[in-house]
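Each structure below appears as structure tokens.
The following pair of complexes shares a single chain, subunit A, combined with subunit B in the former and subunit C in the latter.
Moving on to the complex of A and B:
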């Protein structure tokens, strides 16, 4: 076989092992180097992915053609790995997420005395698992990717060894995550039993779309798919399955929280798109006018629509009551998972393309918001919303960046978040599901409430702490003596923040070409 | 020979027992054990289905072996996390581990 097709994965795996070994031979005060080694590994994997995108993926297909079926790209390992537009695009996203999180983590790890080498190695392995999830068409490999990400994530959540909250976050994340994995596995077993294959493409010909629960068609595979919805509901933190997320997000080290809120979530969405996308689209094009009652795809479509509505509403309403910024961002990320689920409920190629674009936009703006939290945390600001009082005067740059990211998360025009929501909105209206779009708009209006709460604290409230004004004119942040002694500055976090803010604008301005790219990617599912 | 369908039914029952236990227990170790039971029930279902589906026999059995390996890794990490909690606070009961809420 052609091993170059899995070159990015091989590089990330090699980098992860390399970082572990490097950590072993470095003196404790030089362990920062493992962070730079991880950056190099991720950058090399990005180059390899770009090379794959140019050399191996056929982009000519369906260019401009509306909704026409697109042939698959290359497959490797007996059809287990798919190298197509979708997988390459998402792999680049995951590598970019990994890169930003490493940048966010280097200073934080040093300041909070995290085991640096383990931190970066686990992060690289988690990214590897995410890449496998996005690039696979086979249930076995999807499961292995899922667990590679999940097991690394459990350990990452508990990395603050002396912190009670970190341990609790890891335990809660582990128990719900393992339960979700078991549900997903049982779903996979039933899908395997119903279709006689572990390849997800077998679902298309298995009569799932015409089948009814407990009736004709393929009830076993359909039951399996419903279980998969529940299992992936946990991984996506969709609402009836979301209870673990705020606890895990609040307790985990903040760079890890930033990673959780975009990385494993985006990867789970990629898998859901891979497994359910073709099935849902087939059911949608066959027309809802099935032979009486809801056919299989109809059941799944309704399930996703209900999940989307409940997830965004509960996420936004609960976020209103939060005092801790990490917890608030956790509920905000639950709400955004709800917006993303709209694309699945719509079940058209345009809906899937909108999801792909929204994943890119969401990653940029959420990482930006977390970058500000980490920047401030490294300089001694707490994680409560009230700690942000008067930030507009103390740290104008950070406050402005936070404002930009929040505006994008709300969905204000020039930013990427607006285009993402607009695209989802358009897809919903086009598929005669305007009510879903209306729910989205109402929810966006609710979300203004809690984002504005932070902005009000930053710009309108008086200073929180007895903030003695140090010099620091460029950064403006107060620099407590204790923080200066351990971490002089946080240029890496600043770099990550800059990248995220630039991406928030760039993704918005490049909406046209990116939407076309997303369209191509979603067409190849 | 025993009909493999019975093995599927047994697997479903075991999975249900595990799920019930995982949702009802407050002891973290017991929850972990219930999850392991669920995983092994899935193994049984996979192997039985690969018997019922001769065209995909290998895939189902290979899947079961992968699940065993992953379950071992998962249990190792899970027990390490539980050990850390016990060292920190000396309890394994989920209702006593409640710093994070809201």
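Moving on to the complex of A and C:
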């Protein structure tokens, strides 16, 4: 067994345990060292991932499903670990997300008196679970990765122990997460029953693509897959399964919210791509693009198309009504999950590649937006949208960064969000599903409404409704809400914000090579 | 004689259905009985039934492990947790669930406020609805099974030999990585549980128990969802 193939995971696991041990020996005022240790561990794992990409991944090009070149890759360690471009790319994304969240969390954890060592250790374990989810083709390891992430996440959501909303977030996340786990397990059991293998590649020959529910083909495996759609729907916060997300996002400590909105969600998308991508692509190419592109896709294709439309529409419309910025961003992240689901509904390698690129872009812009929220929160600004009144004058840099991230989330050209949406849009049109692309554009237009609401508060509203009255009281922030313009930036959160904003632009400018990389990665699913 | 033969041949199937009935009924009772201790004991019964299924299928090691771990250790843990948390009876109103019987005076005081709106009827309606959904789904899966059948899978247990050695070999070869990851899952769960439950600096440690002020906060907040 070549254990170097899981070197990044080993490093992250070691760092998590190391942080726990280090925390024991540190005086309380020195506990932020655990944060720096986590940063070091994540950085080392990134280096290991890059080494893996250069030294181990098989980049030799094979012919993909549609004849275009894809990176071959291989599986190892008992067929558990897939060493391919997809897993390396997503591992790097997850490690980067972890890095930014640790940067966001160090000051916050100290200010809010979170149990620092446990906070970072659980975060590292969650990242480890995400890496295993993206890096496996075996349902057993996928499930274990999922549980590692989920269990860590439940605890992370409840870390603000003197805040009732945090307890509520943990409880709701835990209960819905347990339900989702049950659905996923049941689905996996049926898939195993229907295909006789826990390896997802067995689905390809199992006849699930031609099957109808309860009819010909492989109804058992197909039923299992539908249960998996529901279970992962919870994890993605896709719309009929989204109700936990706003409460969990609002109550959790804000850096954890930032993590939830990108990390576990991206990992769930990675798994969904792994499990459903090849099957959907096979169904799409076998049936051909029928009327409206849906006829050939079978039950699963229709399911994902409906999920995509409902998710983005409900997410965007509900976001319009939100007054709390964390809730608003929660609904916005639901809407973005809807955009991402378009890639699955399209079910072409280009659609999957667009999803991979969009995951990168979405992580950067959403983390950027949350970085601003945390930066302001550390300075005593509340989490209500009205607290952001006059921010353009009080904290021009933060306001500008928020503006950049929001423009990217809307999908305005020079930023990554535009290219992500454009890529998804092009994939949908190409697959003869232009109606889905139209729904996407309409939804993007709706989303302008709530993003603009914040921007208007920041730049156009006067200081007449400042944060003082309910900002501090609402969130229990110990820092007085005043004179924010004179406080100089906390270097770590500022650094994270800078990284995110740079990434928002860089991902946009590097669209061409990154899209090619995403294509290589997604083709080898 | 031939009747006896047929009976002997049908015995495993008969046993399977008996065990299935035990598991289903006790699982149903877990969700229905009022006293939480009774629910725990019904869960033990369900675990025992699952162990019986394992043994019936020739998975002797799994059956034994199921008895030792679930019927033994986990059931005892449950009873300890019930004893320590002083939780005796579940109320009809899910909002007042933990409130009714916690020793904590403040949560006891908050409970009546949450109660009056909850008449038992919504819970009954939900029970019926979820029961119907479960039955429908079970019928659906059974129909699918009847139509398609399952692919043949090589089962080491079918040989009738002890399964301990094949399981051990599989755990330390093919499934070594998942085996190790499972330890990380447990570690994360342990750390998470301690960090949530530990009482430090006078913080309320009721996050997982769902104390009534928590749910009251959830109900009071205007939610557009």
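Here is the rule we use: the second predicted complex is superposed on the first by the 477 of 525 C-alpha atoms of A that agree within 3 Å, B and C clash if a C-alpha of one lies under 4 Å from a C-alpha of the other, contacts with A are read in each partner's own complex, and residues count from 1 in each chain.
The definition used in the following text is that contacts are C-beta pairs under 8 Å (C-beta built on N, C-alpha and C of every residue); 3 or more make two chains touch, one makes a residue touch a chain.
None of these values were measured; they are calculated from a predicted model.
Undergrad: Thinking of the overlay built on chain A, is A:139 touched by subunit B (first), by subunit C (second), by both, or by neither?
TA: Touch status of A:139: first partner only.
Undergrad: Kindly classify A:189 by the partners it touches after superposition: subunit B alone (first), subunit C alone (second), both, or neither?
TA: In the superposed model, A:189 contacts subunit B only, not subunit C.
Undergrad: Once the structures are superposed on A, label A:179 by its partner contacts, choosing first (subunit B), second (subunit C), both or neither.
TA: A:179 contacts subunit B only, not subunit C.
Undergrad: Let me test your reading of the model: by the given contact rule, A:151 touches which partner, first (subunit B), second (subunit C), both or neither?
TA: Touch partners of A:151: subunit B and subunit C.
Undergrad: Please tell me which partner, subunit B or subunit C, touches more residues of subunit A.
TA: For subunit A, the partner with the higher number of touched residues is C.
Undergrad: Check the residue A:167 against both partner chains and state whether it touches subunit B (first), subunit C (second), both, or neither.
TA: A:167 sits against subunit B and subunit C alike.
Undergrad: In the overlaid three-chain picture, which partner chain does A:159 touch, first (subunit B) or second (subunit C), both, or neither?
TA: Touch status of A:159: second partner only.
Undergrad: Examine A:23 and indicate which partner it touches, taking first as subunit B and second as subunit C; both and neither are also allowed.
TA: It touches nothing on subunit B or subunit C.
Undergrad: Contacts for A:383 in the overlay, against subunit B (first) and subunit C (second): which applies, first, second, both or neither?
TA: In the superposition, A:383 contacts neither subunit B nor subunit C.
Undergrad: Which partner does A:81 contact after superposing on A: first (subunit B), second (subunit C), both, neither?
TA: Touch partner of A:81: subunit C, not subunit B.
Undergrad: Once the two structures are fitted together, what part of subunit A is touched by subunit B and by subunit C alike?
TA: Common interface on subunit A, subunit B vs subunit C: 140, 144, 147, 151, 154-155, 158, 161, 164-165, 167-168, 170-172, 174, 190, 193, 196, 246-247, 321-322.
Undergrad: Can you name the residues of subunit A that touch subunit C in the complex?
TA: These residues of subunit A touch subunit C: 1, 6, 13, 16-17, 20, 77-81, 113, 115, 118, 121-122, 125-126, 128-129, 132, 138, 140-141, 144-145, 147-148, 151-152, 154-156, 158-159, 161-162, 164-168, 170-172, 174, 190, 193-196, 213-215, 217-220, 223, 242-243, 246-247, 318, 321-322.
Undergrad: Going by the contact rule set out above, which residues of subunit A touch subunit B in the complex?
TA: 139-140, 143-144, 147, 150-151, 154-155, 158, 161, 164-165, 167-172, 174-175, 178-179, 181-182, 185-186, 188-190, 192-193, 196-198, 246-247, 250-251, 321-324, 327
Undergrad: Can you list the residues on subunit B that touch subunit A in the complex?
TA: 8, 11, 15, 18-19, 22, 28, 31-32, 35, 38-39, 41-42, 45-46, 49, 52-53, 55-56, 59-60, 62-63, 66-67, 70, 73-74, 77-78, 80-82, 84-85, 88-89, 94, 97, 99-102
Undergrad: Could you pull out which subunit C residues touch subunit A in their complex?
TA: So the residues of subunit C in touch with subunit A come to 140-141, 143-145, 147-148, 150-153, 173-178, 181-182, 184-185, 187-189, 191-196, 200-201, 203-208, 210-211, 213-215, 217-218, 223-225.
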